[in-house]
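Pasting the structures here.
Each of the two complexes below includes subunit A, the first together with subunit B, the second together with subunit C.
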Partner chain A sequence: MALNLRQKHTECIARMLNLNQPVNATGTANEEVYKILIYDKFCQNILSPLIHVKDLRKHGVTLYFLIDKDRKPVHGVPAVYFVQPNQTNIQRVIADASRSLYDSFHLNFSSSIPRPLLEELASGTLNSDSINRISKVHDQYLEFVTLEDSLFSLAQKSSYVQLNDPSAGDREIEEIVERIVTGLFCVLATLAVVPIIRCPRGGPAEMVASALDQRLRDHLLSKNNLFTEGGSFVSSFQRPILCIFDRNFELSVGIQHDFRYRALVHDVLGLRLNRLSVQGEKGGMRSYELDSSDPFWVVNGSLEFPEVAVEIESQLNKYKKDVDEVNKRTGGTDGAEFDGTDLMGNTKHLMNAVNSLPELTERKQVIDKHTNIATVLLGEIKERSLDSYAKKENDMLVRGNIDRNELLGVLRGKGTKMDKLRFAVMYLISSENINQSEVESVEAALREFEVDTSAFQYVKKLKSLNASVATANLASRNNIVDWAEKIYAVTAGVKNLLSSDRQLALTRTVELLMDGKPNPEIDSYLVFDPRAPKSSSGTSHMRGPFKEAIVFMIGGGNYVEYGSLQEFAQCQQPVKHVIYGATEILTGVEFVEQLTLLGHKMGFGSNAAASTR
Partner chain B sequence: MHVKSAKSFRDRTQEFQSIAEQLKKSFSSGSVPDGPSSSSKSEEQRSAVAIQSEFNRRASKIGYGIHQTSQKLAKLAKLAKRTSVFDDPTKEIQELTVLIKQDITALNSAVVDLQLHCNSRNGSGNTYSDTNSHSATVVDDLKNQLMSTTKEFKDVLTLRTENLKVHENRRQLFSSTASKDSINPFVRQRPLAARSAASTSNAPPLPWANGTPSSSQSLPRKQMDGESQPLLQQQQQLVPLQDTYMQSRAEALQNVESTIHELSSIFNQLATLVSQQGEIAIRIDENMDDTLANVEGAQGALLKYLNSISSNRWLMIKIFFVLIFFLMVFLFFVA
Partner chain C sequence: MSRIRDRTEDFKDVVRQTALSLGYDESKLAAILASFIIHKPLQRSSFTKAALKTLESIKALEQFMLKHRKDYVDLHRTTEQERDSIEHEVSAFIKACQEQIDILKNGINSEESDSKGWLGIRADNSNVDTIAHKHGVVLILSERLHSVTIQFDQLRAIRFQDAISRAMPRRKLKRNANSNSEDSSKSNAIELRELHELQSDPLRLQQQHLDDETRALQVELSSLLDVVHETETKMVELSALNHLMSTHVLQQSQQIELLYNQAVEATMNVELGNKELTQAIQRNSSSRTFLILFLFVLTFSIIFLDWYS
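Right after this comes the complex of A and B.
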């Protein structure tokens, strides 16, 4: 049973649009019920990657508005509200109800609405005597954004900063953990699975894992729980594993330059909610959508950039060939033959040609889109010499050190300030032993180019405080030395040496967790099983190999990790499924900005401008 | 093993209503629900509601009609797919085709009516703009559904003509020698039926090309009708010769006609292609209204600020003081 998050999410939304009645297999009901959809900003972000306007029309939604917009009454239609359960939204709903904007209100909250707000809603609508307009109130448990089939984000901003803030109090940390747990609970409710939770010891991961475990246990004990799976016999092979990690587990991935297509588009061009705006070839901004309906993107998203350019070329050639064939068959060259018998054949060809026209136009559009994107990317890469950044950073991580001159050369070379800062931070993370003089020269070079070094200082402090930032990478290298014990790890290590693709520590850890064999690296990881009774000791049978996994990164994930996890999942025999999610999907630039913020909070106030914006 | 899909949402309506009951009980001793204020608004609302509910009724009637037509169409498609040569349910197909054509024409006119009604209401100006866009969208949706139903109808008819052609070919293959004999009794048995079929298929107005395949059925029949009537009256020896000649001419004409039909369908398809380019996949957050609202808000804020500046008496007094001060300075130090 493959977990396709996007499909399940879309189904839930379709059901909600159908006024929470099961959607007929035949599509339209006997009577068309036309409705109006109203959402708030957060829920707009949830809906836009999943549903387009024509899908809305198919479900009978005629108008769609933001809740803050000034709306006029529309009589005779039910209104479907999809909002977050907070104070302002409730006030707005009460105001709308008292103005009798719509016939009936179907309220859907993206997560569970707390009791006090429900009472406030009731009292507000009673006061304005419009309570009979509220026909239904539902908790939808949909408070997360699904970007691709196996990629989701909780859209919670700056969670890394808030969790690592030295001045954060217990209460704030608890609030953040609560929000993350709510988001994860929504994901699990939509997938309708109760996974086995594993996380490393200490840090936000453990807090989130235990809170989530508690929440699931409480929920399973309640009457109408949302996880009614088949029977009491649930084998470990059917339950997925949920691995929760903290960003500090592997800091380098969030910062490094990567050269694969998806990561490049996200980092350089700013892909937000599957939408992209680039400078068109004839001037003017063009806006594109890149999601699973784009066949080129799906197939070639994880290729390196030069290969992508080659692919675009080959697709263009194939398209031109097809167009020529169509032209030939419809008699452009030979002249029309007006035989009585051949007329039929000609018209048949003509009909086939016309039928294939839409498909050809679509292919051309996709090719044009990617050509445009690739051209803009190429311009940026040349200007900032991103390919050398990516290559050198990879070398640094694999080798563990870098020639001093090379380092300074890169810092003085092309690239924006952010690129240089990222490179410097990567140098810090990847070098095994910090050479103080080198570090000072790096800092001098950074200051020379007016780069705000607070992020650099922060990472330096982090590294000195705990060596855990570095050990994740060391682990992948030490196994090569420790080959006598772990033969499996040797083959992985040799593969690492031979291939230029260095496997991320995250991917390795997830692989080990999914295998379930005891391994000193992961033995210290905690296990939570919400279905098992609290005092059970026989959970060992639950550690068998898992076929499905949900990986969650607290503090910000990105497409590099997503790509690497998908590669790992595809290479396995039999094919495994991994869903990846994070509190938010950050580009390298955004993550370094968060690090800079933390550096400021720690007092590494910079001598340059206050922010690197 | 399809597990019954667990609901991933929770119905809080009961909870909400129980809270409402509790609050109502606590309120019932206190305030009176404000009736008079709501009734003053309801005057103009009632008329708007009445118009809207009529619109809704008509729209739902049209939607129901379309749904029933598509069901009939499904039945017709099943009938047309049967490819046996001799067990041809021609009569049923003919009746069903006529019925569906009448339905579609009626629905078309109903949708056009609805749109006129909607436009006239929008023009009268006392309605709210959201209602207008809602009505316009409903009419668009109905038009789209009708268009897709018509397209399906056209496809079924094309399929039917192809099947007929196949039947004709097979008939000639199997019964090439006895064809003339079989045609004559065919004509003699149902002369009235053929003539009435020809007349009924020509009588209703045919606004679009998909009506013509049915006339292509009747055309060879009419030809054979028209040709065989004088033939029967003439000498019997000339019948075989002239029959073959007429038959071949009829075939050629049929070919040409079907080719023209196909060409017309191609042109129709091209036309719909061109018109459908307008239905690009728009996303929910690509909302121009958002930016418009923001710009309007900004403009309003700027206007307010302008007002506050321009009508500020203190500002004028301050400016006066500054001017006078500079005048003094000028007088003292220069003069």
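Right after this comes the complex of A and C.
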């Protein structure tokens, strides 16, 4: 049972568009074939990577509007609403119903609508005497964005800042944890699995895991639950494992410069919801879509950039050869041969050519699109010398230190302010012991270039806290993970010195968790099993090797982690499936901005005088 | 596939509670709850009814094609005439559906132009959203018809391929037969010439007779060859016409899509236009007051000056 999140998500949306009646292939004579779709901004983000406008028409949707737009009445058609359950949306629905915009309302909420809002809706529609227009109310449990087959995001902004904010109160943290748990619950409901949850001790990961476990238990006890798996102790071979991590587990991945195609496009050009706008060759912005329908992107997304350029070249040559062949066979040859056989052959070739022309034009379009993207990327890379950043950061992580002159040289060299800040923070994270004078010279260099150093100060503080914890209590679990991370990073680096990529600590941990063999690194990880009765001890057979995993990163993930997890999954024998998700997908720049915000909150702002530690 | 939660029951409960709290009496409560169970049938406009009818006919067309698909493609089940008749029926059906779609489209257009005539009095049914919706419906219908046409084109292409491949070996056979007969006639001639000295006049007559037969065969075979050539060219023409028809339908659907996009744009333009109008009205009224004031002051100043000097 391969978990293909995108397919299931699309199926659920198709079912919703079919007025929540099961979609059968032959299609019975459905009376209400034409409908109008109304969504709000969040749900627009959910729908846009999954369905195009043309596909909407296949489901019979004639018009689609934002809920906030001023709309006119249309008679004789049902309206399908797909909105988040909050106050403003309910008010709008009541307003629409009282203005009798449409004949029947089918309300679908992206997650469970709480009772008070339902009461408000009821009282509003009763007062305006339009209760007969509301036909159905459904909870869809679809409050997440699926970007690719195994990649999802909860689209919850700035969760890292909110969770690590020193001034955050208990109630705010609980709210955020609630929201994350709702999002994760929706993902699990769409996949219709009840996984076994594992997470490291302490921190937001444990809070989210226990809250999610509680939620699942409560839900399984209620009648007509959403998970159709029968039996209470299904063998662990069929249940996936859900690993929840916090961003602080491996901070470096969120910041570093990576040189692979997908990560570059996301970081440098700003890929959002699988859409990208770049400067076209003839001037003017062109908008492209990069998702699983683009064969080049699917195959070459995880290659390093120079190899991608080579691939584009080879594809272009192959295309030119095919076009030449088609031309040769059908036209332009000496037309003297006019006896029967050649005429027959010619027409057959003509028909083949006519049939293959659309395919050839499509291939050309894909090649053009990627050529354009690669050209723009190349320009940016040259301007900011991103290749040297990526290489030097990789070296730093592998070796653990860097020559001081080299460090200062990079900081004074090319690159935007953000690039320099990211490099400095990477230096801080990767160096094993902090050399005070070096750090001061780095700070001085940063200030020389007018770079806001709050993020730097924040990471310095974080690191010093971790270090002090390490020396104080050697037996503490937290730091075994830190040490293990460093050890594994170095050993993995040494092991992979000849290969180009370094395995991330996250991938190592997920591999160990999926194997399930006892290992000092992961023994400290908590286990939650929502299906087992509360009193039973953790049965060992539940920790057997898992074939499928869902990895969730609280605080922001990115394409580098996704790529590394997919590589790991493909290399296994037999092939395993890993789904990766995060509260949001951040570029390095956005993440460092969040760190800067935290630095400001801690008082490291640039207006504060050089604070001594 | 995962299941979803139907909250309509919860909603009904909440409605009942709220109604009781608001003090509705029993009959109203019953009416409200009944409306949940028995949905009022949607009042359909004539447009929607016509659209649904067209959809029904397209579905019927699909069924018909599915039923006769096997007969059509398989070489041995039907004769050429039956296949031709099926083709004829299907194309007539397609044309009828196309006409219906055209009627619907013209209906929308005439409604649009009508409503433009009545500036102030705009009927409820003809606002921009409804027109965009109707365009959308027509677009969906034409896309459906287009996909059916493509399926049918594919079947026709298969039929032509079969026919052409059948023509080829026949010609090959004929040519072989031709050459064989030529060879045989040549060998006969040689034989006859050999025997010529030994034979007398009756043999020459026989020889001539055989020559005539040979020539007649040759003529017949070459005429058959011509006929086959003609059939081939006709089939090529047919396939080209086929492609043409499908491209026409495609063009139409593209045009309809264009119209639909324009209708959606028109919605936005109307909003902008409304805003501009309100602004203009404001400016108009303010400028009018200013003008009146100006003239008033001027008149009084002239009178004052007159009185003064």
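Keep this in mind: the second predicted complex is superposed on the first by the 559 of 613 C-alpha atoms of A that agree within 3 Å, B and C clash if a C-alpha of one lies under 4 Å from a C-alpha of the other, contacts with A are read in each partner's own complex, and residues count from 1 in each chain.
Rule of thumb we're sticking to: a contact is a pair of C-beta atoms (placed from the backbone, for glycine too) under 8 Å apart; a residue touches a chain by one contact, two chains touch by 3 or more.
Bear in mind that the values here come from a model prediction, so they are computed numbers and not experimental data.
Considered on the superposed subunit A, subunit B and subunit C are sterically incompatible, since they clash. Looking at the shared chain after the overlay, A:His75 reaches both subunit B and subunit C. Residue contacts after overlaying the shared chain place A:Gly283 against neither subunit B nor subunit C. With both structures placed on the common chain, the touch criterion links A:Ser48 to subunit B but leaves subunit C unconnected. Shared-chain residue A:Tyr141: touches subunit B and subunit C both. In the superposed model, A:Pro166 makes contact with neither subunit B nor subunit C. Of the two partner chains placed by superposition, only subunit C is touched by A:Ser104; subunit B is not. Of the two partner chains, both subunit B and subunit C are touched by A:Ala189. For subunit A, the partner with contacts to more residues, out of subunit B and subunit C, is B. When both complexes are overlaid on chain A, the residue A:Leu63 reaches subunit B and subunit C alike. Judged by the touch definition given at the top, the superposed model places A:Ile36 against both subunit B and subunit C. Clashing C-alpha atoms between subunit C and subunit B turn up only in stretch 235-243, chosen from 181-189, 199-207 or 235-243, once the structures are aligned on chain A. Common to the subunit B and subunit C interfaces on subunit A are residues 8, 12, 15-16, 20, 31-32, 34, 36, 57, 60, 62-63, 70-77, 112-113, 118-119, 121-123, 126, 131, 134-141, 189-190, 192, 224, 226, 228, 340, 343-344, 347-348, 351, 354.
Listing the residues of subunit C that touch subunit A in their complex gives 1-8, 10-11, 14-15, 17-19, 22, 24, 32, 35-36, 39-40, 42-45, 48, 51-52, 55-56, 59, 124-125, 127-130, 132-133, 136-137, 139-140, 143, 157, 164, 168, 171, 225, 229, 232, 236, 239, 243, 264, 267, 271. The touching residues of subunit A, counted against subunit C in their complex, run 8, 11-12, 15-16, 20, 29, 31-34, 36, 57-58, 60-63, 70-78, 103-104, 112-113, 115, 118-119, 121-123, 126-127, 131-132, 134-141, 189-192, 224, 226, 228, 340, 343-344, 347-348, 351, 354.
Those residues of subunit B lying in contact with subunit A across their complex are 1, 3, 5-13, 15-16, 19-20, 23-24, 27, 33-34, 38, 41, 45, 48-49, 52-53, 55-56, 59-60, 63-64, 67, 128-131, 133-134, 137-138, 141, 144, 252, 255-256, 258-259, 262-263, 265-266, 269-270, 273, 279, 281-287, 289-290, 293. Those residues of subunit A that touch subunit B in the shared complex are 8, 12, 15-16, 20, 28, 30-32, 34, 36, 44-45, 47-48, 51-54, 56-57, 60, 62-64, 66, 69-77, 100, 108, 112-113, 118-119, 121-123, 125-126, 129, 131, 134-141, 189-190, 192, 224, 226-230, 273, 275, 287, 289, 340, 343-344, 347-348, 350-351, 354-355, 357-358.
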